[in-house]
Amino acid sequence: MTSAPTYNFAYLDEQTKRMIRRALLKAVAIPGYQVPFASREMPMPFGWGTGGVQVTASVLGKDDVLKVIDQGADDTTNAVSIRRFFEKTAGVETTTRTQDATVIQTRHRIPETKLSDGQILVYQVPIPEPLRFLEPREVETRRLHALEDYGLMHVKLYEDIACHGHIATTYAYPVKVDGRYVMDPSPTPKFDNPKMDNCAALQLFGAGREKRIYALPPYTRVVSLDFEDHPFEPTRFTDKCSICGAEDSYLDEVITDDHGGRMFVCSDTDYCERRLGEQTSEAAQ
Amino acid sequence: MLEKPQGMIRLEGVAKTFVMHLRGGARLPIVANVNFTVAAGTCVVLGGPSGIGKSSVLKMIYGNYRTDAGRILVSHRGEWRDVAAAPPRLVLEMRRETIGYVSQFLRTIPRVGALDIVTAAAHDGNVSEAEARGIASELLTRLNVPERLWSLPPATVSGGEQQRINIATGFAARRPVLLLDEPTASLDDANRAVVVELIAERKRRGVAILGIFHDAAVREQVADHIVDVTQFQPETAQHA
Amino acid sequence: MNGTGSIDERPLLVAESVSKYYGARVGCRDVSLDIHEGEVVAVVGESGSGKSTLLSVLSTQLPPTAGCVTYRMRDGVARDLFTLGEAERRFLLRTDWGFVHQDARLGLRMGVSAGGNVGERLMAVGWRNYAAIRSEAEQWLGRVEIDNDRIDDKPTAFSGGMRQRLQIAKNMVTRPRLVFMDEPTGGLDVSVQARLLDLIRSFVSTYGLAAIIVTHDLAVARLLSHRTIVMRHGSVIETGLTDQVLDDPREPYTQLLVSSILQG
């Protein structure tokens, strides 16, 4: 009988982890700056979170507690497979509860629960370069960042206002980090942008296909770009969550039947469950 | 050093030869040892048959043609300046402030109307835009250019009208030196008389005028002195 | 213009013995020139004359093999352009200078609206009020005779002549003192050329612009420039007052060029 393959802790070999950690150190030292790294071939295709997985694999220790979410939910396919991947290759404890996790890997959302000192949030990033759509040349965008030449970023926002009457970018809304680098926060909704500012947790960003890593050390100043007369405003919902009644969380629209019936529920499943749990136990008292 | 300018234009030993490289370097001498002066408030006429070099002399004074020898002194900002040796920026300055020129051919600027061209010529540092427009209108009226043509670019009007717009442009600015190259050619009697009047007015204002007029009657009326350019033919000239 | 309002008589840009070789091949050789505020210099020559190379070196897009280029900055200090840091040079190219390309697609962002194109330089130097940026863009579009209702259209929808005028507006918005133009009328219809040339001419006189215009078209040189430099095989053949160079050409090559113009 063939034995099952054994993996090094968290799949990556130690040298690779060191390489990634070196890149992470550079990223943390220069908040918002994209550090190139030698992204590995992973047992999942590009576009499925390989960057996030490599970062998580490099920072995970055996005592860590890992949470994985995809669009705020712990139970979607993506989140489930990545969580299983780490259960298998690292054997670490996993959880769905935000406040119990030490490392949280996320695709396109920031948890509603406020993060604390000692937690690490790992983002999956498709396109790390915020200027890419206006300036396709890599050589040129690197130069623009180096020279802090960000007029083009405002051109994008100008175009939005000219076209839609307001800044229409609703996700991957560009931010200025520590007054220096302009960064793409990954396709999180702009609703989440304020959470990045002065956050107590360490935020790490990995783009596997594009081979870039960047970071926000705790308590870093993160400001969303805007115009004086069109200031940044996070999205506001008119509805509340149909399950827990939250008015301050990001809501997903769920179609309930074939007659156009729908309801709005918290995108962050853990947040919703917790609130519901608190309400239930309050009601029980 | 030269004494303070007496008169406005002074040519000393001026010579010019064209070298035509497209004809194997053939040399075509035009004039040699040209000497004459033009005093303020007078009109000197260059005489001589066609092709003798009269236009060339005017063009050398304007800086449009190069001068091969000698000096062309023009009183500019109270001092003698030699056009023949002047660097381009100085020539441009002298054209802006001191030397006016009415050529035989109007170089038209596309899309700019006649009135605007003449107004621009009149609008120097001492005159406001509104005054310049007034001067321009008056000149065009005196020269019988119909008002309906004032907004048209000169390239679209008849040859005679172009000529009169040309003259208006040359007379619009107040410059102490005026060079006129056949200004009355192809004009009728009435307009010729206007030009003669304009010249007389300028003379009274102290302008030094040097002109070429093929029409004998006009010459009679305007010339204070005639300089026959034939005497400056290269073969017959006295070489210094 | 310096602070007291009078025009500074010192030259704006001075090139001394500038040469550019591509290996053994000559781009341009030993070219010296200067240009003052409000002055327009035409560089004429046929293909291969080195005029475009010269323009690239003068605008610091190519480093010279020999010689130096100095520029009097807005603070009055003359600096050797090739000792400036890249950030400084880019800033110069975007504020005090303009560059009009023969192919408008090189000078515009084709995927960005006309207003965005014109506003880009303003945003690059820190303008952060949308209404102000848009208003300034509208004014400049008007000055180059592009209807304001085209402000949100992309240049892909513009004709060649409109794109060139948009390029000019994009450059003018930061009131540059010196504009480089590379065959600005190349490939345009005659009537369209006339309109563009008239616009350039009026901008030069209204804004006291200095310009270096590379062209093979002597009529453009005659209409726009005060001085003309004639180049051939990388060297300067003749230089002087434009009307003098064109009406009384001295050098054999210049005489050939001038006589080759088709008379209408």
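Going by the order they are written in, the chains are A, B and C; count residues from 1 in each one.
In this section, a contact is a pair of C-beta atoms (placed from the backbone, for glycine too) under 8 Å apart; a residue touches a chain by one contact, two chains touch by 3 or more.
Everything numeric here is computed off the predicted structure, so don't read it as measured data.
Among the other chains, A has the CA centre that is most remote from the centre of subunit B. When each chain is reduced to the mean of its CA atoms, the one lying nearest the mean of all protein CA atoms is C.
Centre-to-centre spacing of subunit A and subunit B amounts to 78 Å, using the average Cα coordinate of each chain. The distance from the centre of subunit A to the centre of subunit C, each centre being the mean of the chain's C-alpha atoms, comes to 47 Å.
Look at where the CA atoms of subunit B average out and do the same for subunit C: the two points lie 33 Å apart. On the side of subunit C, the complex with subunit A involves touching residues 86-87, 90, 109, 111-113, 115-116, 119-125, 128-131, 133-134, 151-152. Listing the residues of subunit C that touch subunit B in their complex gives 36, 39, 194-195, 197-198, 201, 222-223, 226-227, 240-241, 243-244, 247-248, 250-252, 255-256, 259. In the complex of the two chains, the subunit B residues touching subunit C come out as 19-22, 59, 63-66, 88-89, 91-92, 107, 109-112. Put simply, subunit A touches subunit C in their complex at residues 134, 143, 147, 149-152, 154-155, 158-159, 161-163, 227-230.
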